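Just below sit the structures, each encoded as structure tokens.
Two complexes come next, and they have one chain in common, chain A, joined by chain B in the first and chain C in the second.
Moving on to the complex of A and B:
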């Protein structure tokens, strides 16, 4: 099975759900085992939920995507410009999740 | 997907989709439009006058950190001629506010602005930690909210400023509109969208980020690598606001203009004169001189309850009656120092960046 490695970063308070650690190196299969399609951001979100998330899943995922109010950046670009969950991950990508729900 | 180019400069790669307009723009154009929109908000509402002394209410969180940066940038770029200060309130919450104040202290150096920190302990003789240990986690947000509002005004008076600006953004204001509708609080609904509030006895307060989306504030902080603090208060969060917030974020996900549309709806409400007439007339507190709609202001009532071991006195009418039944306030009761609006000269020395 071939794999890809991506760098995942959590901030804005989200890191508290992930062992209070901001930066994680994540290695995932390069194709989705269920349908053999190339691994996309949607797969990564589910993977993070099932493997790295330590508490309060409802603060990260809602209806199989990130909860409204969480910004996602793909190599510093707003994921809304990259096809959101359909973005196909490449080895070395940097994915940032920022919560905007915490106090200002 | 092929990279798209910025809708504004048509050269650089688009990095962000603006929630307000759906426009796809690059990083530099984003900085420019974000700052320019805040500038337009400031000039159209004529918020400042040349020579004004302005305190930025700074919590160390994202909104006030970005506000400090943008205020500094605009003051220099457009030569507003403002003297800027950072004003922080230390509620006395171990593990929360002490950490966020460290961020504010770094901001003081990064932005080269004088900083004043005023603590609940200094002003009221009670930290939030001490209050929570007496009242528990049910009504503590009432104490914190009332005490903070007054502390900001008092801190501003000590700095002798003309104006306080806060980091409230478009999402916050839309949330407040929704909350006031759901609570039937028509008086607040009528004034919660005002960009600037000023009573006769209070210091002018305004919200330059009134039309700035939270998403853009967070992106601005991220792209500029600003240093901010993001942890939820360790004491019970404001549950009601939390529901309004989640609801609003869901609306935004379906239709991003929902936030600005709700603000516009709030602005369009007009409160009938008969309704306004039922609102209490403002007076000054007989004990501390702060503005109040009763003989005693809310902070003095809450403090008296704490001091006399009946914290509920400031929360419910029944509690207040119980307290009154115990007789008048003792002469040696701890009180809040007399409030005076800023005069010509600063009354305290402020800490300057070292």
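Moving on to the complex of A and C:
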């Protein structure tokens, strides 16, 4: 099975849910095992939830996507410009999850 | 939504199902050449253009409030009358505010523009300090301080973040760190430090009674308890006495806010800056309205606070006041047009350290967090609606004099709520563009009776109170006999504070420590006694005209009468004489 490696970073307090570690190197299959489609950001979110998340799933995902108030950057660009969950991951991508929920 | 809201984008949001998050192209709308990095309410910006976008929004919200005469010409430059105090919570908004304030007004190094420490290779120019007219070499404020109020004593198990915040602030070498603790609200030492007028005894209040009867000496008689009669233990008794989960964060928020206000006065600050973002402003406006604080909606956005008469007299650095008449402090929220997403992007691209703030455990179902969840979800799916919420609230105004609220420093201290120090401005929710429908207010109880969905009949202690305008058909309730004259705090509170202290809700009711037969009085924040002590004895007369607030128009008179009647310091002074020092 071919794999790709992406760098995942958590910020804004989200790192607390992931072993209090901000940066993670994640290796995932290059195609989704269930439907053989190229692995996308949606797959990564599910993968992180199932494999890296230590506690309180509801603080990261909601309705199969990141919960409102969490920003996602793909190579330093807002994922809203990249198709959100449909963005197809490439080897070496940097994905950042930032929580805005720390308040004012 | 009618077209009168003037926001076509929001209308589209409400009319359309989820649409793409950005208009047309993925290229930056400003420079039109670089690829976009972020979508801000449907508009695409590259990183290079995003930085000055935020800096300009920040300055546009703050600069007009800096000079003592806000409407005067600013071409001659910006010069504040006093120093600056910034309230830092450790949260995202205030962390970004601190960074923006420092870059714009305090960091005079040649390349402090803001781009230099943006993540490598970003190509961000030194833009945040604006164009050529920017006062980068002028001292807008003679001094800047950053005040952090540690709230961990209010929340069991919460972490003390003071030292972490201290390290963050230390990185800004021209700004001084002022750490406070929320229990300072119950500390006579703190009150003396800010120059507050001392009261001879500490005030306590019977929180189980809607009239909030005042009494002396909240000092416990129990020896073991009195040993631990510290500001922190008083704070905790106050918190434990609150009737609902929702009331706890509201109360802590109010204490924090008033601590910041008095600290501003004591340090000669003409301006208190808060890091409320567009998103959190909308949350607090909606949550505030839901909790009955509708009169404060404008103040929540922007306001002026005048310290009590004697406050600040002995505080450090306040000998000459802050340069404003009556020592008025302008409370400004320079991020009020900047959403949480923009704050997060700013913090990320500038690598800011966001300490984070303690969340109140177990409050998930209370009004604040529920409102936040709602607004944050709305902001993601319909990004323009949240600014519509804030702008609609900005249009809400007391029927008269709304234009003067930020300019008029002649506030009469008698009209403030003695607990939260807000001026209830006599406004129910009326929009400035519509015909006001403001009922007469004969007191907070009456207002409460009018808007409350609660039945008086099913609420034990409420049954003994019968508001003057209680619906006639509810005659099953026997009015209580004329109450014995006991000093009551209720007439001196705004609706929201009264609710915080007394209103139970069907959910989230805390287990209140049962008051003993004598009902141990609950300690009150130090400024409540100070405010009662500072009430000028001659201001309660019925002559009218003396305090300027009688000059309202005919229609407005009903509301003003209410303000006047419920705030009769002369008679209150008699009642609380026992608590006051002779001088």
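The rule is simple: the second predicted complex is superposed on the first by the 104 of 104 C-alpha atoms of A that agree within 3 Å, B and C clash if a C-alpha of one lies under 4 Å from a C-alpha of the other, contacts with A are read in each partner's own complex, and residues count from 1 in each chain.
What we mean here is this: a residue touches a chain if its C-beta (ideal position, glycine included) is under 8 Å from a C-beta of that chain, and two chains touch if they have at least 3 such contacts.
Everything quoted here is computed from the prediction, not taken from an experiment.
Chemist: Which term applies to chain B and chain C once both are placed on chain A by superposition, clash or fit?
Modeler: They clash.
Chemist: Kindly classify A:101 by the partners it touches after superposition: chain B alone (first), chain C alone (second), both, or neither?
Modeler: It touches chain B and chain C both.
Chemist: Thinking of the overlay built on chain A, is A:81 touched by chain B (first), by chain C (second), by both, or by neither?
Modeler: Both chain B and chain C are touched by A:81.
Chemist: For chain A, which side has the bigger count of touched residues, chain B or chain C?
Modeler: Comparing touch counts on chain A for chain B and chain C gives B.
Chemist: Once the shared chain is lined up, is A:12 touching chain B (first), chain C (second), both, or neither of them?
Modeler: both
Chemist: In the superposed model, only one of 127-135, 451-459, 469-477 or 505-513 in chain C has C-alpha atoms clashing with chain B. Which one?
Modeler: 127-135
Chemist: For chain A, which residues belong to both interfaces, chain B and chain C?
Modeler: Residues common to the chain A contacts of chain C and of chain B are 11-13, 68-69, 71, 73, 76-78, 80-81, 96, 98-104, listed in rising order.
Chemist: Could you list, by residue number, the parts of chain A that touch chain B in their complex?
Modeler: Answer in residue numbers: 11-13, 16, 67-69, 71, 73, 76-78, 80-83, 87, 96, 98-104.
Chemist: Please give the residue numbers of chain B that touch chain A in the complex, ascending.
Modeler: That would be residues 1, 4, 13-17, 24, 59, 61-64, 167-169, 171-172, 214-215, 217-219, 222-223, 230-233, 245-246, 249-250, 252-253 of chain B.
Chemist: Per the contact definition, I'd like the list of chain A residues that touch chain C in the complex.
Modeler: Touching chain C: residues 11-13, 68-69, 71, 73, 76-78, 80-81, 96, 98-104 of chain A.
Chemist: Would you pull the chain C residues touching chain A in the complex into a rising list?
Modeler: Chain C residues touching chain A: 21-22, 26, 35-39, 44, 47, 89-94, 119, 274-277, 279-280, 335, 340-341, 343-345, 347-348, 354, 356-357, 372-373, 376-377, 379-381.
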